[in-house]
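Here it is: the structure, laid out below.
Labels run A, B, C and D following the written order; every chain starts at residue 1.
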Amino acid sequence: MEFGLNQFKEFITEYAQRLEELKSTLNELDNRIGDGDHGTNMARGFQVANQQLQAKNPTDIGTACNTVAMALLGNVGGASGPLYGTIFMKLASVFKEKLSVDDEMLLNGFLFAKNGIIERGKAQYGDKTMLDVWETATSFLQSNVGTNRYRDLMTVVQEAVLETRDRVAKKGRAAYLGPRSAGTCDPGSVSSGLFFEVFVRALDGEGAIIRWETLVL
Amino acid sequence: MKKLVNELDQYVTEMLNGLVSANPSLRRVEGTQVLVRRELSAKVGLVSGGGSGHEPAHAGFVGTGMLDGAVSGEVFTSPTPDQVYAAINEVNQGKGVLLIIKNYTGDVMNFEMAADMARAEGIDVAQVIVADDVAVENSTYTIGRRGIAGTVFVHKIAGAAAEAGLSLQEVHRIAQKVTENVRSMGMALTPCTVPANGKPSFDLEEQEVEIGIGIHGEPGIERTSLQSANATAEFLFGKIVNDLPLTSGDEVAIMVNGMGATPLSELFIVNHHVADLTSEKKLKVHKTLIGEFMTSLEMAGFSLSVLKLDEELKKFLDAPTSAPAWPR
Amino acid sequence: MKKLVNELDQYVTEMLNGLVSANPSLRRVEGTQVLVRRELSAKVGLVSGGGSGHEPAHAGFVGTGMLDGAVSGEVFTSPTPDQVYAAINEVNQGKGVLLIIKNYTGDVMNFEMAADMARAEGIDVAQVIVADDVAVENSTYTIGRRGIAGTVFVHKIAGAAAEAGLSLQEVHRIAQKVTENVRSMGMALTPCTVPANGKPSFDLEEQEVEIGIGIHGEPGIERTSLQSANATAEFLFGKIVNDLPLTSGDEVAIMVNGMGATPLSELFIVNHHVADLTSEKKLKVHKTLIGEFMTSLEMAGFSLSVLKLDEELKKFLDAPTSAPAWPR
Amino acid sequence: MEFGLNQFKEFITEYAQRLEELKSTLNELDNRIGDGDHGTNMARGFQVANQQLQAKNPTDIGTACNTVAMALLGNVGGASGPLYGTIFMKLASVFKEKLSVDDEMLLNGFLFAKNGIIERGKAQYGDKTMLDVWETATSFLQSNVGTNRYRDLMTVVQEAVLETRDRVAKKGRAAYLGPRSAGTCDPGSVSSGLFFEVFVRALDGEGAIIRWETLVL
């Protein structure tokens, strides 16, 4: 599989659009165990990212990732701003000057991104943060090499998102709720699940649309 | 959602404009959500901030003897690093800048990234992280406690130290001392509604309250039934003094902070009992602040903060300030 | 009813105790609901007051350069004549006492009875009746307009005049000038609940508001649907400037007063547009006060006041005061 | 008919009790067109008046009225404090040193009281205040001399109270509501209607208990 510059741009455009659609779902989850702004934050940030991508029209994926990273860092705020900003900065460093990236490079990018989340957020797997999804996604990709791995990725990611529901948060704002944080899916995990949903579709043009609003609420 | 608003995405911008036009001593840094003192003096700069929705924090504490700059993010959303950097850059007078950060993942990450940016530009930046909320037991989680209303004491005392001409290292030491000696805990009678979200942050029955809340409309550590003002004050005070080593004769400052919709009369009623509790404990109350300092939009409820004082802290607590939201 | 209270009949007593214990410059007159300055000086005395539930009014305005005494009735109930008399008697330093009364039947009757009692004891008492609420057209009723938040300007300016050593006659003239030049109007997004009553003062649908409210939780002159902050500000401002003869170049003071539960951020948003409106009218805004000055318990909403200034009023408006609720 | 000291004391005791019973009704009416405290104010004031009457145990009706007047002036507040205080001060001046009063003296007392309300409150008949009831009551007593006049008084007073409903208030706090004040009975008129209800019962031991709560709400 190859992932080209245009696919990347489509990916961002669609992710921004899906975030807008799921804004109130993400806000609602964050309301239950946080402060109710995760949907607003993400939708705002990726709308700007998408606009800047159109405006600057970068000619390689690395630069495109950087444009997105800068837009997120400057427009998301909260915990998710630095974290998603870091994700795209790390992707930028791996995809530097590339017009298109292959499976291996993609995996490498995601691994770098995941490690970026850990460095910045100091969370561990199981802490009920977006890292839970990134850990699951990257380790699946790492250990499953084969034609269907991107479609199957979605099954795995979806499960990872839903698995955050019963966990007690150990990092982020939800952690202050203690045991009361159990019972609600982590909003950042949902936005990261959505990230992979849209990515898979951008990659092979077909991946399913997941009805997160019914799954996670 | 019933609010006095215009376009929701202009909430913070219009708020800052309305604030600046009422306070001639403040200036908005062009193109940012940063407010700074119009007249900066050659001293250590102090920057604080966080999401909006905590008014009068943080901009209300900008003035001589308190902050030099305040950064406002979207409602309840930590400001982005470029905004924090703009504040640092603007207030820096060559003597370094102290960041006063409340311990929330988002605040810490964004402020630290800004500090890195500033350091890369050769600005001397120190930081203090306030984690005064005793609602969360320290041991359970590695993230540490939240920063809530006690932060205002850090603004005041570190601000006075900076105004007195102390070095960044000294101002930092004093700010650190305040954070080590201040404890707070809050409770809510009603939720609040983030304008961009439109829904109440939680639902409570007529006689239910949330105990141990943060300042972003989050639910607290537990939901209980509403007790009397006295019993509520006693509970929060008990949690605080259990955590803060105090002995008879110690001097303290008290803050009874309204969350946004609590009538001042109720805060006075709370303080009426806090005064009893401190005197039972034989604490000497050097100063009591009652009012709105660190709010959560239109949430009803309050937080109680106790700061253990020594001579140095007392001196700076009592020093004059021109910040509009610090009471006379 | 969800409130931080203990026994309801102790509401005012506990509130006053909690307030006094936080403000060492205040003293409660033994056996009364009267708070006075701990240090009275040889000058004309100023007494104001009314029902409780308007905090920080009235006790928050006791201090040098403002009031000498504040009388608190039960919640939203004018204090009784003996209480008002106790305040007059306590603050009188032989130079006479000015009563600042809001124009409500109860307030006027009780304060006037107290004035009669004091005069019978040989105390020189003058009074000014504030009737700044333009919601009610003057002509329709013989009772005159209500007194609302504009009263705080009378406290401040008359207080500064008294502090400057002016005679009772002069202080009275200046207070009268303020009442003639101040206009206000308010609106509510939510009702409030008098503790002893336990029920909301009215019911509003999700998008309904009351326009032209008093400060006792009364319904307003009309019920309309909620408009934007800008449109609301424009409506109240329009009513006010229609009534107050202002010409381009005039100097004014503005007060955006929260009714109790309105986030400060919304008041700033309102002021953002008020600043536009005044500059369209080519008015020079000398000072803007934003915050809670004259509240109705936990009502959400605000009032807008405009005071037309001259050099004399400006001087006294800007004079220093130690009153805790007057902003820096 | 004679109205003696003990009857006066019983009158105050029962009025205090009835006010307590009707407190929330009076508050509710005052909520609709005022500030919701009339019941609380009256119940508080007459409770103290009753206590002080027991404690001081005055030996003539004039002194008893004075005791009540002082208790009301010092404990009611609001508009009703000075007005009911005035009522009892005026009664005191007419009943001075009397151990019992006859029909004529009663009428005289009520007329003085009514004029006291006018002096203090400057209202006119029809302004939708307690004066509406006092005007009706006193002019009925003045023009109807006969055995049944006290029983009939109650019918007239009840009507006078209900007639305040449709009026637009011209005095007191309700006046600020303008036309919106129409549709609700004036709370002060109800407490005054209750005054006459309890008075009639104290006088002849039989007058009916009026169900104000259903009539006026």
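The rule we apply is simple: contacts are C-beta pairs under 8 Å (C-beta built on N, C-alpha and C of every residue); 3 or more make two chains touch, one makes a residue touch a chain.
Keep in mind it's a predicted model, so treat the numbers as computed, not measured.
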item: Averaged-CA centre spacing for the pair chain D and chain B, given as whole angstrom; value: 54
item: Between chain B and chain A, distance of the C-alpha-averaged centres to the nearest whole Å; value: 32
item: In chain A, residues with contacts to at least two other chains; value: none
item: For chain C, residues that touch 2 or more chains besides their own; value: 75
item: Chain contact topology (line, ring, star, complete or other); value: line
item: Those chain pairs that satisfy the touch definition; value: A-B, B-C, C-D
item: Contacting residues of chain B [partner chain A, same complex]; value: 51, 73-82, 104-106, 109-110, 113, 133, 135-136, 140-143, 146, 194, 196-197, 199, 201-202, 214, 216-219, 221-222
item: Chain B-facing residues of chain C, complex; value: 2-6, 11, 14-19, 21-22, 52-53, 55-56, 60, 63, 75, 189-190, 206-207, 209, 226, 228-230, 232, 254, 256, 260-275, 285, 288-290, 292, 295, 297-298, 300, 302, 322-324, 326-328
item: Interfacial residue positions of chain D with respect to chain C in the complex; value: 24, 27-28, 31-37, 39-41, 44, 73-83, 120-122, 170-173, 175-178, 180
